[in-house]
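Okay, so chain A shows up in both of these, paired with chain B first and chain C after.
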Partner chain A sequence: MAVNEAVATPAATRRPRRLADGSVAEKRWLLWPPLIFFLLTVAGPVVALIHQATSGEENAFVEALSSEVFVASVWRTLLLAAVVTAATVLVGTAYALAIAVGPVWVKALLMGGLLISLWTSVMVRTIGWMLLELPSGALFWMLEKLGLRSEPIELYQTTLGMYPAMIAVMLPFAVLPILAAVISFDREQLNAATVFGAGPLLTFGAVVLPTIRQAMISGGVLVFVMSLGFYVTPLLLGGPSNMTMSGIINAQLNTANRADVGAAMSLLLVGGTVAIYLVADRLFKVSERWG
Partner chain B sequence: MSIALSIQDVHVTLGHFEVLKGVSLDAEPGTFVTLLGASGSGKTTLLNVIAGLQQLDRGHVLFDGQNVERRPPRKRKVGVVFQSYALFPHMSVGDNVAFPLRAARRPSVERRKVVQEMLELVDLAGMVNRAPASLSGGQRQRVALARALASDPGILLLDEPMAALDKQLRERMQVEIKRIQQQVGITTVAVTHDQAEAMTMSDQVAIMHEGTLVQVDSPENLYRRPVNEYVASFLGEANLFPADRGGPLALDAAGQATGTAVIRPEDLVVLAPDQLGDHWRVPGVVRLLSFQGSRFRLEVVTATGRSVVCSLPPHTDASALVPGSEVILGCGAPDRVHVIHRSDAGDALEVAA
Partner chain C sequence: MTDSPLRRSIGWYRMPILIIALLTSLVFYLPFLVVVTTSWTQTSFIIFPPEGFSLQSYTGVLTDQEWRDAFKVSLRVASVGTVIAVLLGTLGALALTRLRSRAARSWIRTLFIVPMAIPPVAYAVGLYSVSVQAELLQDNLALLMLGEALLAVPYVFVMVSSGLSQADPALRPVASTLGASWPLIVWRVDLPMIVGHMLAGAVFAFAVIFDEVVLSVFLTPIGVKTLPLQMLTASQEELSPQLTAASTLVSMLAVLLLGGYSLFSNRRTARARRLSRKAATA
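After this line comes the complex of A and B, so read on.
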């Protein structure tokens, strides 16, 4: 409104202002449903967590941070999230480019794979990976058939075991934003690059990559933030000795019966995730792309 | 460097549709040739064939006598201004212009020098560091032109260069492009469906129709001496009358016609009763008279239902020309009447094909 008033010429201010005021007042109530939803689903639980975390006799935050198991899980989670992010963005870019330029059957196959994997429950996919990774599971069976390996594989319930499954589960979230950017890419620019003498490397590096870089970063931030709090896949494939933060938090609540420490850890996870997102947003302007 | 372009019997099929049905065209070094035709006539395809972006089924493309149809686009040294300009949005104006030199791995000193020269040529000096998104449509087109000329190509290709500009800017840029083309002296092939644009810029206009070249000639010859009825009515307004060797015939004598007379609207006059004599004439009824500033446009319908358009000088006394009134039109300049003889048209088509 202030901008409108400043811009409008004096003669024109009177009547439009009343109209504009009316329309603003009319629409303001539309903000309430999302605000109420936000209070109920986000602010409420956070307040409850703060209450829970401060209910114990000692300072639950100090206790959480001085727990070696928790600190180790923080590093494990950060490393997992970082590696999964790098891998999904790289694979996802290749995947999206293949959908955009590949022959029709490649397009259909890749698009189908992407959607089916999105529509299938994370639980089902994680169990699928379990069956693959079990010491004498599908992977071992295949390698044995090929005569490449005779003793069982030690992959299941190791730190390494979480990675392929996490990458597979997170891939669609990296592919979709990158695909959107690749599809809206102006093909005439490729012709321009070719006509002006650029080879495939220069064309990709100087023309294609800068156009889809923003989308790669948004996809990466999305995957990173989601990976930080991911529960089922790391827990089932990493096992009890390689828990990520969410697994430790669950153990505090359900096994150790220390709800206050669990709540403090949850708040640290949420706070850390928000902080990382804000820094990423400041650096890469992610929200501009989403907004 | 400016090359002679020769296109020989080029055939292109896209899917099941034969887009180019044997096109041949020659352009001397330094000439400006425009491919003019309705959409779907194959003109953009022909441009892509020259650039190497479109494979051809049959025929030859020669640059200075050398076959280039198997040469990839990046080795052809062509400069192209694309219809959407296809500027690289994340690069500055200077980097866009320098791109062809960067692809050719030229040293950065040379790049900077060329960018400076090119931007001065297109009147955009001082815009080196601007982003393409911050420029107006006309400025973007100039940047595209500067980029197309940066690596000193042998031939410049313009794909509907004015399509994205508004009408006023279009007329300015036509003159501007022509100036730059003459200053650089580069062989240029442009594609357009706008006949005024083709007439303004070109030395030679090639009329395309359904995958063939119908006539290649100077703008004036195309207007004065079209080879067939299609060219006559495509380029400007034309009144077509039955004719024989001697000139246009009366409308009721159409049976004896051996050809078609093309009479331009500005060559028709309204005859007063005392001027009739035994000249050729067309009686009719006024349908519409409109004042268009520099001319009056008079539409007359003959007894056989044929519509005749007549362009009258602005000082004409138009009071008698109300719709519904009867008029008699005659030819004010019999020497400017062009007759397309049936055999001529046939020959011309064969030559073009």
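After this line comes the complex of A and C, so read on.
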């Protein structure tokens, strides 16, 4: 069986060096259309934002950075992203391992949950959390049926109520790469560890963790970066006291009517997020795992 | 496939891990179940547990002009955006295999993945500033479609790249030695190998664009709404069962389409594997 598979995928691992490089015309026609599209759709908005940020009388960047509300939202967003990342990577590792070692019904249940989450929109899932968390919502009904609580719960539009929903929204992005790593790693190493008498903890630390570490990091980086741009879930579940940077930017444009400050904040958010991604990418080779 | 080596080496930690994972799966199931169950209530407001059973909010949504229009707008935006994203993502993945320099490859890879990291609100503000300057792009969906396409390119790129990495790298040099020009090689060698991955990328891109709400908050012309935007607006007003009925309908549609697609493609890969095994043993 192993021999057959090796025969069935010949040369997939070999890479002939010669002739691998395409011709100039070939590269031009394949690469230029996407590059021009990126240039138009990324540089266009960035130039327009810079133009807008410098259109007011005062320096909008200074104003943005000296605004207490904005600085507070920066810290809040960073904290939020860090907590969500840590939680999703930890729970995501357990989830992926459980899919690998569980009995068939557990596997099916866990995969089903993952797929429901992947296939339904963030909007629908957020509405679901809203209905769960409303003072006399579904969660209260369940607790009441279990005899655990008699007065309405206060979760809706609080920090405590916001976190579970955000973790649930981001969890698949952490589980999927870890699951791929768990499924594809070398079983012989595990057998070797068991044969040499390593206990579960030692095996986990010496064999399992090193092989899935890279996937945990890639998933974590992606979750962290995506969490920095969170908008809908905090808006609906966190309420006005939990505004993320995205929420503040929206408020600058629609309620404070300061398009220049909003543009400056947008530039800071995009620049910061992309810079974090690029640094993480150079350090941990995140893109290579995806592409 | 039972995974006994892993199970053995995890030992008694298996039980706690399973319990944690099963409890965690509740965060996926519960919100969805609440959305579905509240949609069949007979009351005109959302209540849990639902009272009685009726499909009145479903007929309400399906006959309501606002919901129908929103659905159509979303279909249009997602279709156009998907076509652009599939085209550009595939070109990028093909170009990646033709670059030899390691640095260039790593930069191209990063460039095609980085749109995933762009915060949608800030990007939407940027696109909105563009539309303020350019009158041509106002009062239509062009900018929304382009922006959504950019956000969806990484998914296509990842899928097609993974397809190309499984391909035999000797095929292209062989075709070229036999005198095929590069467009012919793309058409007859590369595309047939990746067409399944392009389809998978297209399905994913379509789902991503169809569900994306933030860009449409900023970029839809007055009076035009995409489906997620219509849901967002409805969830900020009084909660009517029409909202959860629409959510259930669109989720069911997604589950049917995506589930059907993955069943279909699993069967195809299984058949391909059987065939190649047969060819190898014959």
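The working rule: the second predicted complex is superposed on the first by the 259 of 291 C-alpha atoms of A that agree within 3 Å, B and C clash if a C-alpha of one lies under 4 Å from a C-alpha of the other, contacts with A are read in each partner's own complex, and residues count from 1 in each chain.
Quick note on the criterion: contacts are C-beta pairs under 8 Å (C-beta built on N, C-alpha and C of every residue); 3 or more make two chains touch, one makes a residue touch a chain.
Remember, predicted model here, so these are calculated numbers, not experimental data.
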item	value
Chain C versus chain B on the shared chain A, clash or fit after superposition	fit
Touching partner for A:184 - first (chain B), second (chain C), both, neither	neither
Touching partner for A:207 - first (chain B), second (chain C), both, neither	both
Touch count on chain A, higher of chain B and chain C	C
Which superposed partner A:229 touches (first chain B, second chain C, both, neither)	second
First, second, both or neither for A:110, with chain B first and chain C second	second
Chain B versus chain C as contact partner of A:194, first or second or both or neither	both
Superposition-derived minimum Cα distance between chain C and chain B (Å)	9
Common interface residues of chain A - those touching chain B in one complex and chain C in the other	191, 193-194, 198-199, 207
Residues on chain C engaged by chain A in the complex (per definition of touch)	3, 5-14, 17-18, 20-22, 24-25, 27-35, 38, 46, 48-49, 84, 87-89, 91-96, 98-100, 106, 108-114, 116-123, 125-127, 129-130, 132-133, 146-147, 149-150, 153-154, 157-158, 161, 166-170, 172-173, 176-177, 182-183, 186, 207, 210-211, 213-214, 217, 228, 231-232, 235-236, 239, 243-244, 247, 250-251, 254-255, 258-259, 273, 276-277, 279-281
Of chain B, residues touching chain A in the complex	51-53, 72-76, 78-80, 82-84, 86, 88-91, 99-100, 102-104, 147, 151
In the complex, chain A residues that touch chain B	186, 188-189, 191-199, 202, 206-207, 210-211
Chain A to chain C touching residues, read off their complex	4-5, 7-12, 14-16, 18-23, 25-27, 29-31, 33-34, 37-38, 40-42, 44-46, 48-49, 51-52, 91, 94-95, 97-102, 106, 109-110, 112-132, 137-138, 141, 164-165, 167-168, 171, 182, 187, 190-191, 193-194, 198-200, 203-204, 207-208, 222, 225-226, 228-229, 231-232, 236, 245-246, 249-250, 253, 259, 262-263, 265-267, 269-270, 273-274, 276-278, 281, 286-288, 290-291
